[in-house]
Each structure stands twice: as structure tokens, then as C-alpha cells.
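Report on one structure; see the data block that follows.
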Amino acid sequence: MINGEKTLDRPIRWAMIGGGRGSQIGYIHRSSALRDHSFELVAGAFDINPERGKDFGISIGVDPDRCYPDYKTLFAEEAKREDSIEAVSITTPNATHYEICKAALEAGMHVVCEKPLCFKTEEAEELVKLAEAKGLVVGVTYGYSGHQMIEQARQMIIHGDLGEIRLINMQFAHGAYNTAIEKENPAIKWRMNPQFAGPSCVIADVGTHPLFLAEAIIPDFEIDNLMCSRKAFVEERELEDNAFVIMNLKSGAQATMWASAINCGSLHGQKIRIIGSKASIEWWDEHPNQLAYEIEGEPARVLERGAAYLYPEALAEDRISAGHPEGLFDAWSNLYRRFAIAMDLANKGEKANFWFPDIHAGAQGVKWVEKCVESADQGAIWIKY
Amino acid sequence: MINGEKTLDRPIRWAMIGGGRGSQIGYIHRSSALRDHSFELVAGAFDINPERGKDFGISIGVDPDRCYPDYKTLFAEEAKREDSIEAVSITTPNATHYEICKAALEAGMHVVCEKPLCFKTEEAEELVKLAEAKGLVVGVTYGYSGHQMIEQARQMIIHGDLGEIRLINMQFAHGAYNTAIEKENPAIKWRMNPQFAGPSCVIADVGTHPLFLAEAIIPDFEIDNLMCSRKAFVEERELEDNAFVIMNLKSGAQATMWASAINCGSLHGQKIRIIGSKASIEWWDEHPNQLAYEIEGEPARVLERGAAYLYPEALAEDRISAGHPEGLFDAWSNLYRRFAIAMDLANKGEKANFWFPDIHAGAQGVKWVEKCVESADQGAIWIKY
Amino acid sequence: MINGEKTLDRPIRWAMIGGGRGSQIGYIHRSSALRDHSFELVAGAFDINPERGKDFGISIGVDPDRCYPDYKTLFAEEAKREDSIEAVSITTPNATHYEICKAALEAGMHVVCEKPLCFKTEEAEELVKLAEAKGLVVGVTYGYSGHQMIEQARQMIIHGDLGEIRLINMQFAHGAYNTAIEKENPAIKWRMNPQFAGPSCVIADVGTHPLFLAEAIIPDFEIDNLMCSRKAFVEERELEDNAFVIMNLKSGAQATMWASAINCGSLHGQKIRIIGSKASIEWWDEHPNQLAYEIEGEPARVLERGAAYLYPEALAEDRISAGHPEGLFDAWSNLYRRFAIAMDLANKGEKANFWFPDIHAGAQGVKWVEKCVESADQGAIWIKY
Amino acid sequence: MINGEKTLDRPIRWAMIGGGRGSQIGYIHRSSALRDHSFELVAGAFDINPERGKDFGISIGVDPDRCYPDYKTLFAEEAKREDSIEAVSITTPNATHYEICKAALEAGMHVVCEKPLCFKTEEAEELVKLAEAKGLVVGVTYGYSGHQMIEQARQMIIHGDLGEIRLINMQFAHGAYNTAIEKENPAIKWRMNPQFAGPSCVIADVGTHPLFLAEAIIPDFEIDNLMCSRKAFVEERELEDNAFVIMNLKSGAQATMWASAINCGSLHGQKIRIIGSKASIEWWDEHPNQLAYEIEGEPARVLERGAAYLYPEALAEDRISAGHPEGLFDAWSNLYRRFAIAMDLANKGEKANFWFPDIHAGAQGVKWVEKCVESADQGAIWIKY
């Protein structure tokens, strides 16, 4: 992939819904999608305020005529064009993902959707069916999974380097909401409001990230039952700011999750440790170019992105040689590149023979949050998955 | 404490039961007890094989006449002497701790007992009553608690540096039993046999260590209820090699424990992270001279043993200045020194005004294991503590 | 800077010389320059093989008519156009930098030049004069300096957080050439050949990177004299694979450099530690989002990119919030953005009021290599700078 | 060695000169010597104030009659006894080491001497000759060399794990004297006074420690020539507080040393990195149970004390199993145990077949300091060794 700036014969015509001025998430979507000429940004409904959205679109080079006031107009107007968009990224507030994703699929668009895909399993299943019926690609931006060391972890599991998988310990535990900052910071306020955030705060907001890492890395990651204890430690919070989940997998393995927003002093604290009968691996998103590899009875090793001893699949998307740190933008670019190839294949009636966080991943996240909440709200009891 | 080689006016007359030739635990007890002239080893029943025991005792300078064939003879014969032993350390197999400890107390001896104190809460309560009735000191060798950074952690909690305590995450998760080594290694075989190890393997063997760290550090650490999931991942094992515990504390805080013997690649993996409303601290027993201190919104700090910025209580037992690493033997020596002072005070009818892992700590460990097993064996349900 | 995707009213018309298919350095130049619409790639002489170059240019969207066979044709032909390029990036072999840079400046182009700017101080001085006379901007891609924590380090020095600066310890010490791989790997062969690499291997190739970090961070970094010991440890090598340099600065501070290609097991090993009378800071390019900050007598701290406690200047170019790792591509993008603004200002007859690795930085690197070689070749003696 | 509490048939009769009340160095000598019954403290001249010294000696159990007012009386009086001391440890101020050591050897005593052995090479050579003529053992307390990972490093070199040795980078760079604390702290004042400290501060005080590590680890460590730059950064200091040394070894390898007392924020900063043609190892005294092992082209490894994969020689002195941290006291105890065995062998007319920091190590340190000072004082020129 090094220097493979061009992935497709022509870029996919692409629009954004949301992600306008001042949106960090909008920037990372654009920066990643446009990185290697896989997508061309030709339209958008960038802002709930139409004028501000149009102004923003123009500022980043979008044709003013294709800067739409809202997503409905966007789909309607684009449908009339020969050079209509083929794909759309949804970076609007969580509570709107379902309806926009549904509308996009109905309009025949491929979709890249911010997580969560939606709030309810029935909605997720509806979207899955719709996408499958239409042969459309839906990518969900579990962005951390685009780091190459995640692919290395996956290949190590597949090749049996760890032996039989026994434990998967996951955490995404930051400390940013250790006080009631939502009272002062509107950008955070919605996260504690079920109307906008859905039924959970940290389980959904951060917990689903390492959950997807586990799913991506471990091919037979299937939950049999789980129990979840959640709690709001900061007074007056409607949604939990900390949760522990224990899961029994169908394979006989066990998994744990710690999702938190009150882990003082931690920036992200997103880690996944996978323990097999022979060895363990551990990855930390704040230092994504490294993967700890600990074979029992041998000295602990640290694997480095780009190193020749990695599996070829883990080298395939490198943009620069080992030692030079790649960051989150590079991980996202890798995912957007896979989205593009998958969309291009779908346009030709073919299926991608590689993994990416797709609609099933999105639906899985929705179901997992639902089950965690169900368990927690009944007193942290065991729930069949 | 630096250079404070002599703690007492005269050393306490002391004996060992168990801990003879080839015993690692015997060596650390002796090395720590004798370090600073607080104890004098004058008698012992060092081995289940009387001759071997006598031979060993002589080799380390014990009067042959006071190398006894068993603990009963030891107590009986010493009772006849004017210069009888005053204290005894018990380093025999776990299943014998209760009876020996009881006999020692009945004989009027202070005791240092290897953990576990016993296997059942009733037994523990009986020993507590006996010790209190006789005014005798019982120290339990939760040896890691003697590291000075544990005292620093305790002082930080007491001084409110962390704010209100919310979470305590504990683990002692090594990888040494990732295969069925008990089949070949007799030194490990008993650990998987309930007859010798008691009702639990890792919960009791390793989990109780960080549990006591939490109790030592956090004055109001009181469990309200808990749930425990335990499992033997290695086939044919009678006792669990991995366990997860979630605890609700009476204070409203939550605690978790991960006890494991299948965490491949980890030597000890004994860590404790305490999260308050303002800051977190984290300690790892393999690097005991450091304590991570992470105030939310500030750069992460690492506190170092011996540094002038620590609380005076955390400097009081330093044997050498900062930068020079102290190790586990130094931590044990600190505890044995406290045991000696407490015994000396008890001899004078006084009580120690400092903490150490005492009989209540020992009893607490017994009860916690019992409750964990009770929860796990009913399907990992919540159990009132 | 977050979301500030557009820096200029219109992008600068830009060409590349070299950096065609298979060139890692070409990719990082393009990926960074094009990231935020500051540059528009409209022409190029991408390859020493004209056809291959044209083919490559077309593949990344350059007008075939503006894919030139060589740099001379490029400058000549572009000069005839109204929409001529305004800037050019030079990513050709080192031995050609001087002549191409000179030609570009003579043609009135702004330049971004790979290091080294040239091989000799007289050449560098000539280029400096030329650029100044023409009012043109020359950026030199000391890419690591674009990491935001370098700006933080600079601000800390400026604000006196370290006190008086006493020591600067620098190293860029990798292990990739621990054997004679140049015999088999043509991509490395030239590095050991003075004809193509210039008078030095590691001093120039890697040593100049942390040297510029020191210059960027420390405003009064001025060398008074230096001594350099260099050596080729691998047999038959013409150029050194390891060097040590000691420098006395005019300020009274001392600096050291370790440049190496035989430091087995190290990927980059690029580190800079700056020691003042009050505190030290240390940065490692493989983990660029962190900066160690060690105040004597206080616990060691780790500062994190994006954190609110940093100086505003160190936050100005963040592309994403703290915790999310930024990588080398983001650092380069920051530099290219500064190049663009400086070029735009120069087009208007104004000067940039911010720092970037400019032609003086490039010239400084050339002089430093020359002086190091001079010292080393006379037996590692002290040389006036 | 685990549990090998008794090394000799009977302990060596031993005295201390210096190291009385309030002396940290006295405590570590006693704690190490007495640890495993290899030495018996039977006499001493503990303090320059005879009464205080006697009082201290009595307090730690020494016969009052053998608490002498000074070292001359000690040697004279002990010579009259049948049960005279056999060995003496010298922990007096540096400027007295030579005369006391000489007197001890002349009195037929084995010696353990604090570093430096003396201040001048002629003196060192005199002591070497005297010790050899008398068949006496002189141990010098380069205490860090007693850590087991140093033995592991040595074995790795001997077994060729690193290939041909190319570079040895050493440092002992702390920050404790970053200000003129000697003006207020009498315990430090002498270190900056040539009359008491000898011709150097940091070169001798800290630099000789990692130098001996290099000598212990690398069998053919022989300096051919060296250059040293030293400087006092804190005003009015008579002796250097920072020094850099570059050494060419006879083997063709190169070595560097950074000795400092102004490295703000560093506690010890004692590190040694040895780079061979195949791999590097690195050790840091503040975390002495670990040894980094980096084979070029393979993932970096961390070796752990006590692990079964170490060389047998590196396991021979373990006092407790892997994972449990050993500290500096354990390292010193290892050395004192070797001193005891060597003395016992010498008493029988035999030579030790194992290494320890002996009189040659002590003499080497003296010579190295002398040569460094000679180079530095002539303007940091190259000096033949």
C-alpha cells in the first residue's frame, strides 16, 4: 500500500451529512476519505443551519448547488442527477443516524455511518435487511480498527500463535467526565441525555470500540451470556459514567469490559488484552504502533508496525516504514480505503473478500449495548445474549 | 528508619514451624525477621522430617536441643524453659495453619502466620477471639503491603488527594499455570487440590494479596455485596485458575478483582488502581518503588520511593535513599519490624498505634474467599457480604 | 487549527520533482501538501525515466501536458504559462538538490527541499542569498519538527520553565545497517557512497534531524566549537555508520549528538533531552504525542499532545483532541501548511511571523555536517564552528 | 543460591571502620555482610568520635572492648587476640581510604573498601602489590554489579549473543546537585572539595559505577585512549558536576560515558547499553530486575530476573523466584557473599574462580578518573590510556 495513492480507477462520488464547521468528527471523515483519491466530495448537507452549511461547503470546494439544506433534499435532488453521489457519510447526532441511514439506503446510496448505527436492535436488523436487499455497503467508523497492529493481532489469532483463546479483557476508560462538566459544556451535555445519546453513555460511547476490536481480531467471538453493572458516579447524571461487563463466549472463553468516563488521569485508556493457552497480546490505542506479545515462559516482546517480521496482511496498508509513527488519521484512511474498494466492488455486483467494520458490526454494537443495559437495569443479572 | 538497625531493646525470642531446607518462603521469613535484630531465632520445628529439620536448624545456628520434631513438642518443651520463645512463625502447608496457629495462641505465643490464616470463617473468628483474649499479636504475611509506596497511597487517600473514592481495580494475574504443570510439578500439585489448598486456588492464593492492599490503603474499604465468576481453563483442574469478582462497597464505591494463573506472559501482574473523584493512583508490585499519580486534567506523574515530596509516613521505613531500588525483602523486613514492635508493646500490655496485616486482615481474607466461592458456585450471582 | 481545513484563499500551484512511483518520500510530501487544500499538484517531473514519470503523474491526476521529462523542461515550460506553478518540492537524490534548488529559485519558484539542501556551505550560502534576493520561501523537510510537542518544548524554553539551559543530548540511532545490507539493497547502497550521499552517512542522514529539533526548540542554540568521532563499524564501508559529537554552545551550554545506523534493535531512537537549571524535558519521535517533563525534586510528569494544560501555541495545529494519537503524516502536514502560509505571505511581499524549517535551517545542517567531518577526519579534534 | 543461607562453615570475623550512627553506607554494608551468616561483626572503629562510636557499636551488639577509638588502635589491639578479626570494611571519607586500606593489608586483614580505593594510580598500584604479596582479598563495593541481570549480561556477551561488541554507552546522570546545595548541606559539601573528594566529583563519584559494570560484563574491555570534557555548571563549584567521556577500546569498540549531577528530574539515571553486531542489551539500575534485549530485525524483548530462560549463572544467586523484585540490598548481599567465599578460599591458599569487584577493579577506577581529569584539564584532548 505504500505509495498506493490511487486505489480505484475513479473516485467515488461522495457527500457528507453533518460534519460542518467546528466538527472534529467531520474533519477526520473528510481527511481520511479524501486522502488517497478514493472519494471525491461533491455534495453535502453539512449543518442543521442551511446557510452555515452552504457557506462551509463552499469553503471546502463543494459546488454551491450541491450544498443542500438537509438530508432529504440532498437525496431528492441528487437522485435527479446523472452524476449523482454514490455514497454518503453520516456524522450527525446519534439520534438521527437510523433515519438518515435508512433514507440513504432507500435512495440507493452506500453509507459510512458514525457509530452507533441506531439505538435499537429492531432498527439495526431493518437496516441490515435493507442494505443486503439493495446490495449496498455500509461502513461504520470503528476507526481504531484501521490500525495495522489490529490486523497483526487478527493474523496471530488465525495462525494459532496464542493457542486456544481463553480471555479477552477490554477497556475504554477515560477520565474526562469525572465532574459534572455536562452542566457547563453543551458539547457534552447530550451524551448524558437518553433522548440524544440513547439508552447508555459509556457502554455505547466508548465500550463498543474495543468490543469491535475483539470482533475484528477474534473470528469466533460470539457472546453466550453477559452481566453488566453500570452506575453514574457523578450526581444527577441520567446515564452511567462507568460500567463493568462480564461475558461468557460460546467458545468457552470469557471476556470482560470496563467502560468509563471517570477514570481520572486517563486520556483514552482503550486497551485490549487477549490471552490464549500459549501467549497473550495487548494493544493500547494511545500507542497504536506497538503490540505487546507475551509467550508464557519467554521474554515479553513488543512488535512494531511496519517491521518485516509481521504478517503480510499487517504490512499491506502501511503508508510509511517502521519507526515513523502512524496515527489515528492513518487508521481511518485505511478504513475509508477499504470502504471505497468494497463500494466499488458492490457497484460491480461483487463482494469484498476482506473485513471492515460493516453493518453487521454496527448492528452487533447496538445489540450489545441493549443487552448490557437490560442486565444492568435488572440488577446486574446474567442475560442470555 | 534509615540505619535504625535496632528497633527493640532486646530481640524477641522466636521460632519457626516449617520453612526448612529448600523452602523459599522459609528463607524470606528468616531473612526479614533477623534483618534488624528484632528477632532472634532460638528454636524451630523446621521440617515434617524431624532429622532433616534438626539438621537444617543446626546448619543455621539453632541450638540442637531446641530443634524439635514437630510443633506440639516445640510448644510443650519451650513452655518448660525460662527463656522460652515468645513468638513463632508458621510457614507450613495451608491446611495446617489453623491448628498450629490455635496451638500457638493457646501456648501464649505471638504468631506470624503465612496466609491463609485458615480455610473457614468460623475458624478465623475463633482465632481472633483467642488472640484478643490472650492479648497476643498475630501478623499475617501479606508481604507486599510492606512496600513504602503502599503507605504513601494510604496517606494520599487519608489526606483526600484523590477526592471521594469511586473505583478500586485490583488484579494479581500471572501466567505460570497456563498448562497442567501440576501433573509434573509436585510443588504446585497441592495448589489444585482442595484438600490442601482449601476451597479455591487463585482467589485465595493470589487474589487476597491485592485485596489486603486495598484494605490497607483505604480505611473504609467494606464490602456490601459481591459476585464472582470462577473457572478452570486448564482441563481436569479441580480448582479455578481464573476468577473475576465485582464488589459494591458500603461507601458507594465499586471494586473489581481479577485473579488468574493463566495470564500468559505475566510474571505477577499484581496491580491496584484506585480512582477518586479528583485523581487516580496505580501501583504494580513488580516495580514497587513507583506509584503512578494521575490528577484529571494534569500531566500524569510518577512518585518515587524515598523522594522528599512523599508523606513522612511513607519515608519512615526507608532503608536507603531514593533511586536505589528496594525490593520484596525490604518490604517484608518492614512488616517483621512492625510485628516485633507490636509484640513488644503487647508484652507490656500496650497496643500498637500503627497498622500491619494482623489477624483481622487474615480473617477478612478467609471470609472474602468463602464469599467468592459461594457466589461462583451458585452461578456467579450476587451475594450479600 | 482543528477543522481548519482551508488555510489559504486559494491553493498554491505546485509541482514535484522526483517522488514518483515507489517513492515513500514522494508519498509523504504529497499526502501532507494536499491534506488541507493549501497546495494543488498541477505539474511534475516525477521520475528520471520520463515515461514512467508521466505515467505516474497521470495516475495521480496531473495534466499529461504538465508531466515533464526533467526539471529543466519543467521550469522552462511552466515559465510560459499564465497559471504557472508557484512552488516546487524537490525529492530527488541528495546529490541533485543543490542544482535543482538553484534552478527553481532562479525560475522564481518557492521551494520545498528534502534535506540535505546541498553538500557544501558555499553552495548553501549561495542558495540563501538567492532566495533572499528573490524574496522566495525555501522550506526544508525536517519533518519531525512539525509535531506539536516540539512547539510545546519551544514554548517551555521561551517561558523559562527549565531555567537556564545547560545540556542538550541528542540522538538518532537506529540499527538498520548493522550488517552490510548495502551490498544487496540498492535502495541503501547510495547512502554509503560519498558521490551520492555526500561526505557523511549517519551524521547527515539522521543526525541533522535532532539537530534541527534543538535549533527549533532553543532560540539561542549557537555552536561555538565541536569535536566529532566517526567510524564505520561494518567492514568496507566508505562512510561512517556511527558518530559521536560534543558541542560547546556560545551560551555556555553543552550539547551532544549520537548518530548511528548500527544501534541494533532500535527503530529510530531519535530522542532529544534538554536539561535546564530547574527541569528537563525529553521527547522521542516514536511516541511523538508525549513529552517528559522532569522538574528536579518533583515527580516526573508526562505531557500529552492536545491537553488543555499545554501552551496555546502547542495546541494551535492539533487536528484531533488529546488521547487520539497523531503521527508523522500529521507533523508533515503542519509543516506544509506553514510553508503554504509563508509562501502566500511572500507572494504579498510579507514575511512569516512564525518559525518553520527554512533555508537557514537547511544551511545550518550543511555546515554542521561539514564541521563534524572536518573534526573527525583530523582525528576527532576540536574545531571552531 | 535460593535458601542457601549459609555459605561458609563459620562466619568470617569482621570489623568496620566508619559507618556508625546515621551512616546510610554503614547500614548497607552491615545489612549485606550479615545477611547470610558469612560475616560476624565482632569489632569496629565506627566513628571519628570514639565515644559515639563505642556507643553505636554496643547498640548493635559489638563487645564494648572491641569498639576502638580509631583504626590504628583497632589493628593493634586485634593483632593481640587469638580470635582476631580476619576482615575489615572501610566506609570512612574517601581521602582516608588509601591509608586505612594499606594499614589493613599490612595488618594481614582482608578488606572491603568503599570506592574509590584511593586517589592516585601509584597508590592503587602499591595496594595491588601489597594485597598480592600477602595473598589477601580486597573487595570494592561497586554494589550495582551484584544484581543478577549483570551476570546475565556478562553471560550473553561471553556466549556471543550480541555478536562482536561495537559500542558501550554508559551513564550515571542524576539531578540532585542542580543547585549549589553544597552551601547548605554539609553531607554534600565535601563532594565538591578536592581535598576530600579527590580530583573529580561526578567522574569518580558516579561515573566509575557504570564503568565497572562494563568491565564486569565485557571480558575484553580495555581502553586504548580517551577524551573527557568536564564542567561545573553551578557557579563557584571547584569540581565538575557534568562530564562526557569518549573512549576507544583496544578491541576496536567505542565507549561513551555521561556522568552528571545536574540531570534534573533523574534519580540515578545509571544505564548501560551494549551494542553488538547482532543485538543490543540495556540495563537501568532503578529497575534492576529487567534487561532489555534487542536483536536487530526482531521484536524487542525484556528479560526478567529469575526466569528459567536465563543463563544458569544469572540464576545462581536468586533469593526469590521471578516476579518478586529484588533490590539493591540483595545485590550487595550477593557481593558480600562472594567476598566471603573469596576470603575463605584465600585463607586456605586458594583463589576464587568467580568474578567480583576486586582490587584490580578498584585500581582501574582510580586510573580512569585520573586519565579523564588529565584529558579534561588539557582542553578535552585525546589521552593515551
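Chains: A, B, C and D, in written order; residue numbering restarts at 1 for each.
Just so we're on the same page, a residue touches a chain if its C-beta (ideal position, glycine included) is under 8 Å from a C-beta of that chain, and two chains touch if they have at least 3 such contacts.
Since the structure is predicted, the reported quantities are computational estimates derived from the model, not experimental observations.
K.L.:
Tell me, please, which chain's centre (mean of its C-alpha atoms) is farthest from the centre of chain A?
P.N.:
Farthest chain from chain A, going by C-alpha centroids: D.
K.L.:
I'd like to verify one number: the distance from the centre of chain A to the centre of chain C, where each centre is the average of its C-alpha atoms, in whole angstrom.
P.N.:
Averaging C-alpha atoms per chain gives centres 34 Å apart.
K.L.:
With chain centres defined as C-alpha means, what is the inter-centre distance between chain C and chain D in Å?
P.N.:
For chain C versus chain D, the centre distance works out to 44 Å.
K.L.:
Check each residue of chain C and list the ones that touch at least two other chains.
P.N.:
Each of 293, 298, 300, 304, 307 in chain C touches at least two other chains.
K.L.:
Between the chains shown, work out who touches whom and classify the graph as line, ring, star, complete or other.
P.N.:
Graph shape here is complete: every pair of chains touches.
K.L.:
Can you list the residues on chain D that touch chain A in the complex?
P.N.:
293, 297-304, 307-309
K.L.:
Would you tell me which residues of chain D are touching chain B in their complex?
P.N.:
For chain D paired with chain B, touching residues are 2-3, 5-6, 21-24, 26-28, 30-31, 35, 37, 59-61, 174, 267-268, 285-289, 304, 307, 319-330.
K.L.:
Quick check on the complex: what are the chain D residues that touch chain C?
P.N.:
162, 166-167, 169, 175-176, 178-179, 227, 229, 231, 233, 242, 244, 246, 254, 256, 258, 260, 262-266, 275-280, 292-296, 298, 300, 379-382
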